[in-house]
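Two complexes come next, and they have one chain in common, chain A, joined by chain B in the first and chain C in the second.
Then we have the complex of A and B:
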């Protein structure tokens, strides 16, 4: 009985926070299913986007004389080749930001500002990560896999979280009060 | 600060993967056994080994490096340790809860890998196109694996919003009315019992 009382007190004291977290998890799951798993969108939207990313990486590194070429999802040069595969497309970070913005109770104006500024910023960060990975492959070939999984991906998610917290503090809270 | 802590915690996590394999493969094996008794999930160093017992043939093996589905752990620990909190006890409690939640989430991930590998083996044996039956599990498993930092951030946000970093307030004593029955259970009025003087 005491446990039930404690649980109901916890639920009523944290109702708003729990609702936000539930909305956040549902929106993240739905967005990830749509953009990350559903085969139609994966093949019709995300795959062409990763091919565009490969061309963008090749173009950027060629500005510094890398001599790289993009073919499909592959970026290759005489010294190093990499594939822009699942997980390199920025879908996870975008879904995290999207879920945070849409789940937070604030005005739709604040949400639209957040999405319009945040999502392109996340994809710019993701492109910078891919360029960094290309150079990591050139300069540190023995640890490129570890850098790829444990460092580069984490940096993108951390920066997306920073963007989300910045939006919460500077945009969502003031516009939500207005 | 969280990024610096993450770099410090990465080697610590890296060397604890073998322990995580033991902790997660036992419950995964126990649960998965109810769905498919022909499959066993066993710890094997840094890898969770999936053994598919095929009737009248040698068992087929598949392995999952557990680092691929637990690398959110050092990030969550870094985020928790970098969060401002007045109570070290609350921070330590949050860290323990976080590690436990991540471990619990790893169990279905291991089972999902067992299911995915089983379907891929069936496709292979039946000469079907790769991914025709296992496609959903392939993307769901890799989605969870690639989303490890997102899981860490999600849990950290949840802990933050639920006030887990705040110290527990001591229950305030409610004042007892002088004419109310004494809380010690004597049956006398408070003013004539414990409230005397």
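Then we have the complex of A and C:
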């Protein structure tokens, strides 16, 4: 009996946080299914987007004379080629950020501000990551895999987290109270 | 009992994330593999005879193989040929170009056709370059080329040398190709945990407690992190994680990922416990 009371008190005390977790899991699952798994959107939207990313990377590195060429999802030059396949598109990071913002109990205005600023920022970070990886492949081919696995991912996670932290601190909390 | 709720919820989320990643890993994945063939007239094998005016023929064929695979098996493939030739006669005309199956010592059967034909030929007065894309390639052929490119050769035929004017074995291009996923499995798990930890932190540890008396009320800001509690929970979680890692004989990357994740999970659990205690 006392155990049930304690559990009930625990749930009651953490109700907001537990609901946040539940909403986060549901929204992330739904968003990831739509953008990460559903074949129609994968092939109709995300694949063309990865091809656009390849062109954007080639255009950016060619500003500095890399002599790269984009064909489909490939960015290649005589020294290095990089494939921007499904999964290189920032979809997971975007879905996590989106779930974090939508699940947090605050005003819809705050949520819209978070998504409008955060999602493009995450994709800009991803594009910068791809450009950085291309240069890593050109200039540091022996360590490009390590740069990719450890450095680039860490940068994406940290910057996305900083974005969310900034939003929680400066937008979600004040507008949630308003 | 109450201490189990948060870990169970987090474990369910982690399992859901991993399940989705696994599901994604078996979905169709596209990739591109590039081969080249250095072609020489001298590489042609009897009974093929190169016309006397074309014995200096040579060139480079670049074969770009676009494959779609699912669960490690190629399900579809298309090829692109980019061919440049020199040393041809002034009246040479390309009539055929193919990938054949066979080593450097044999004449083998055609497996991938460029679409060139005597009716759709290309004049090649001395030198020529041409490209053909979206060429039908059987998945089994693509797999076999990938497994053993040296067992395949590119052959170009002209009207003067219909059996073949120059040929060369395929070589997988050594240019490094990088596939660049934004987040790995551990990256995704860590980001999931960090985002949930941030949300829970802002919901549980940053409020104010109002204490009301008969005449006045005071407001106390909640202390955000209880370091002693966090250290205790972290110790328990990390010990469990290490036990599991040892049992699974995990590698360095998994160990790093699991320990970092364990630390964040411990932080979340500590927030839940601290919040329950305050209430």
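Just so we're on the same page, the second predicted complex is superposed on the first by the 172 of 178 C-alpha atoms of A that agree within 3 Å, B and C clash if a C-alpha of one lies under 4 Å from a C-alpha of the other, contacts with A are read in each partner's own complex, and residues count from 1 in each chain.
By our rule, a residue touches a chain if its C-beta (ideal position, glycine included) is under 8 Å from a C-beta of that chain, and two chains touch if they have at least 3 such contacts.
As the structure is a prediction and not an experimental result, all values here were calculated from the model.
Overlap between chain B and chain C is detected when the two structures are superposed via chain A. By the touch criterion defined above, A:66 reaches neither chain B nor chain C. Judged by the touch definition given at the top, the superposed model places A:17 against both chain B and chain C. In the superposed pair of complexes, A:9 makes contact with chain C only, with no contact to chain B. In the superposition on chain A, A:119 makes contact with neither chain B nor chain C. Judged by the touch definition given at the top, the superposed model places A:155 against chain B, while chain C stays out of reach.
By the touch criterion stated above, A:74 is placed in contact with chain C alone, chain B being left untouched. Taking chain A as the reference chain, the count of touched residues is higher for C when chain B and chain C are set side by side. Of the two partner chains placed by the overlay, chain B and chain C both lie in contact with A:86. By the document's definition of touching, neither partner reaches A:163: not chain B, not chain C. Within chain A, the residues touched by chain B in the first complex and by chain C in the second are 14, 17-18, 20-21, 24-25, 28, 32, 36-37, 39, 42, 86-87, 92-93, 96, 100, 149, 153, 156-157, 160-161.
Every residue of chain A that touches chain B in the complex is listed here, in rising order: 14, 17-18, 20-21, 24-25, 28, 32, 36-37, 39, 42, 86-87, 92-93, 95-96, 100, 149-150, 153-158, 160-161.
In the complex of the two chains, the chain C residues touching chain A come out as 1-2, 5-6, 9-10, 12-13, 16, 20, 23-24, 27, 29-32, 34, 66, 175-184, 187-188, 190-192, 194-196, 198-200, 202-204, 206, 253, 271-272, 275-276, 278-279.
Considering their complex, residues 2-3, 6, 10, 68, 71, 75, 135-136, 139-140, 142-143, 146-147, 149-150, 152-154, 157-158, 161-163 of chain B touch chain A.
Contacts from chain A toward chain C in the complex involve residues 3, 6-7, 9-14, 16-18, 20-22, 24-25, 28-29, 32-33, 36-37, 39, 42, 47, 72-74, 76, 78-93, 96-97, 99-100, 103-105, 126, 129-130, 133, 137, 141, 144-145, 148-149, 152-153, 156-157, 160-161, 164-165, 168, 172-173.
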